[in-house]
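There are two complexes below, and they share chain A, which is joined by chain B in the first and by chain C in the second.
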Partner chain A sequence: MGWLLGSSSTLSQVSCLHTSPELNSKHWERRNLIVYPPQQKDEPRRPAEIHHCRRQIKYSKDKMWYLAKLIRGMTIDQALTQLEFNDKKGAKIVKEVLLEAQDMAVKNHNVEYKSNLYIAESFSGKGKYLKRIRYHGRGMFGIMDKVHCHYFVKLVEGVPPKVEQKTGFDQAKEYVEQLRNRTIIHSL
Partner chain B sequence: MATSICRTLKYFQPITCQNIKYVASLLDVRLPQPVFVPIRSKKRYFIPPAVNVKTQPEQEAKARAAGVVVRQQYIERPINISCTAGIFDPYVPPEGDARLSTLSKEGLKQRTEQLRQSAASQLSIRKIKDHDPDFSTKAFPELAQQIFIDAHAALTQFNKEKLHSLVTERCYPEMVRGNRYKTLRWRFIESLEPPRVVHARCPDMISKGNLYGQVTLRMHSRQTLAIYDRFGRLMLGDEDEPRDVLEYLVMERHLVNPYGRWRLHGKIVPAWAPPKDPIIKTVMIPGPKLKPEDEFENLNYQIPKPKAVQWYK
Partner chain C sequence: MSLSGLLQFVGRSLQRLELSLWQAAGFDRFGPALAVNGPGILPQSHHSSDDENAQPSFLDSIFWMAAPKKRRTIEVNRCRRRNPNKLIEVKYNIEPCPECGNMKLKHTLCGFCYEKVRKETAIIRKQISIMEGGPLNTPAVESVVLYENETPSDADKGKRIVERNRKRPYWFNM
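Take a look at the complex of A and B:
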């Protein structure tokens, strides 16, 4: 793997790339290898980001999505407790991945406090499927997919950002305002 | 089939040129063009097991019966060892080396009796001069200091080839371990005392006569070091604060090899050296396993302190 020096020009290139889950999951491990230039004393401390993933988990990507959505935005301790008492098969795997990532963060990425991490991104992707034959009656058959999935997680150091909860009343107020702002163009 | 389509397309595309082919096209010279033959194959979801296939021992027996003799294959790989694995008969720096000032009587006595005393060092220096006529105890320290500065500069830039030529294979992993995704900023400001040769040995490895020369230098200098982690945050040191550093460097050269060069082999850290600065990070040290009824304060657990031994970097 190369040692990619992340200068400011490279960072701006990365920011204007279209980053959607399908496009950046191929290089997830590589994102741990970028090195940022040293910060000046007056700059705010850059939070550490740790990318971790597990490939070819024997589980469905749609079922894994529920677990990924569950822990999005939680602190790592909260996420670990929720997964420990969740009954799904994927919960055990996701918990292992989170513990590995936490361990990596403390040992390799100079993170000071292991509880000071929160889950910034967490999603699942489709892995390579194996195909088998499912036998039906009357000599008919179907191709059965043995599903596998990948699971990606990005831990960031610090306190999780507060997500503003929108109440129903706020949404209704916005709707009414939208209705009031309507105009008829080219009118007299 | 994907591969066959690619190959057929290549057959029809104008053949892209490189070097000779470009020149050939300019000069209207006919070069033999590579012929791409498309291969037809079908992707099989089920590959049937091979029939009438003989196992390895059966094949060998058949070959022997037929009279085919296979010459014994030697799976060898030559390895070049160009440095020793450690520091042989290491120099033990006297206690309070840098504490006494050179102007006092004890200080002067220490300086003058150092190298003259050790007979083994004198013998080794004579042996080194046999193999390398340019070596001299007066001129060598300057050279070694320059190698030291160049090696550390290469480490900051992480110039692998230059670093390998300035530093032995035993020293390289120790210098580089853990630094790959970190930024190092190192500066050599000045040398406080001229470097001196304090110790020399000529061990031979594996076979007698395969001589390596190891020379220990004492260097007192002023340096700055700052280590930044992957995200550009300061891990250790300060870029603006110079520190006085007393170091004992070990330089090594493979004397028998005519292309051998003096390279940095390691550093000796004496037992009386002051402890290093702690890193700017709180680290958790694993403690004893507690039973449910125990309290940590009641256990009177002594945190183990490291022993003050001389060690080598």
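Take a look at the complex of A and C:
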């Protein structure tokens, strides 16, 4: 996989082309395969990133989104406890995915402490739907979709970054500032 | 619900259909049975007025059905779906179990500890069912569970003894 070298300074034209020969690899899984060049001594340590996903889960993407939104930005332990005591069907699946990702992190991605991970990104996507017939009265029918979804998660090593809680007053102040900064363009 | 309104509309349209067929067959003009000098058919004024009244009610039923006027934009949909009252709340009543260390809810038994007790109880119950042989054979005495190297004490005089061939679990104090 030499062609998948990720470099912050130079971006080769070849890396933009779709050159993957395998049929099974999709974008999210391929993100685990990028290899960075060795860091210099003065550079800050690059935290380990683990991308994991599960495809074609028999669940709705909208319902899965609520679980993904719940665990965004939490430490992995906190996320696992919250999911353990959640009653939704997707909670069990997301918990399995997180445990798999934690295992992968320790074994393959050189993460020292399995608790030193936080959820940087977590979201759900639409999978391939199966179509079935739903019978109505008077010979009418509707097409029923058997919904499936994908779930993606990115774990990063380290302490989760603190998100600034914006109050309503701050947001209103920003809005008023935006309005005040408007100017008339192409004027004298 | 729209389904009941639809059914009512369907019912009413069927009634109207039946009425129109009845009229077409000519069975609605009930005049006197014997021959009478005069107009053969009764005046149909009430019938025509009834027909006019039927028309507005037919149109009214369409207007009565509620339907969305405009498509809800994705921005509006997102505001409704992502409203904080619809998001899942973070639970703060989770604490570690003092016995096994797994997490548990404050007001609930620890799931892990409960599961381990449940498994042992299932084995004891199976043994009891083997001892009894069939349903409704429970003896009218108490039962006591004895593990390996345990003899029944004086308090267990008249009780039924259930044997288990393992050492007593630390959590089963008797």
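The definition used in the following text is that the second predicted complex is superposed on the first by the 148 of 188 C-alpha atoms of A that agree within 3 Å, B and C clash if a C-alpha of one lies under 4 Å from a C-alpha of the other, contacts with A are read in each partner's own complex, and residues count from 1 in each chain.
Just so we're on the same page, a contact is a pair of C-beta atoms (placed from the backbone, for glycine too) under 8 Å apart; a residue touches a chain by one contact, two chains touch by 3 or more.
From a predicted model like this one, the values you see are computed outputs, not experimental measurements.
Engineer: Based on the superposed arrangement, let me know which partner A:62 touches: chain B (first), chain C (second), both, or neither?
Structural biologist: second
Engineer: Looking at the overlay, what does A:39 touch: chain B (first), chain C (second), both, or neither?
Structural biologist: The first partner, chain B, only.
Engineer: Let me test your reading of the model: by the given contact rule, A:84 touches which partner, first (chain B), second (chain C), both or neither?
Structural biologist: In the superposition, A:84 touches chain C alone.
Engineer: Which partner does A:70 contact after superposing on A: first (chain B), second (chain C), both, neither?
Structural biologist: Second partner only, chain C.
Engineer: Quick one: classify A:131 as touching chain B (first), chain C (second), both or neither.
Structural biologist: In the superposed model, A:131 contacts chain B only, not chain C.
Engineer: Please determine whether it is chain B or chain C that touches the greater number of chain A residues.
Structural biologist: When the residues of chain A touched by each partner are counted, B comes out ahead.
Engineer: Contacts for A:175 in the overlay, against chain B (first) and chain C (second): which applies, first, second, both or neither?
Structural biologist: After superposing on A, A:175 lies clear of both chain B and chain C.
Engineer: Show which residues of chain A lie in contact with chain B when the two form their complex.
Structural biologist: Interface residues on chain A, with respect to chain B: 3, 33-39, 45-49, 109-110, 112-114, 131.
Engineer: Over in the complex, which chain B residues touch chain A? Could you list them?
Structural biologist: Listed in rising order, the residues of chain B that touch chain A are 45, 158, 180-183, 185, 226, 228-235, 281-282, 284.
Engineer: Given the complex with chain A, which residues does chain C contribute to the contact?
Structural biologist: Interface residues on chain C, with respect to chain A: 81-82, 86-88, 90-91, 94, 103, 105.
Engineer: Could you pull out which chain A residues touch chain C in their complex?
Structural biologist: Chain A reaches chain C through residues 62, 66-67, 69-70, 81-82, 84-86, 88.
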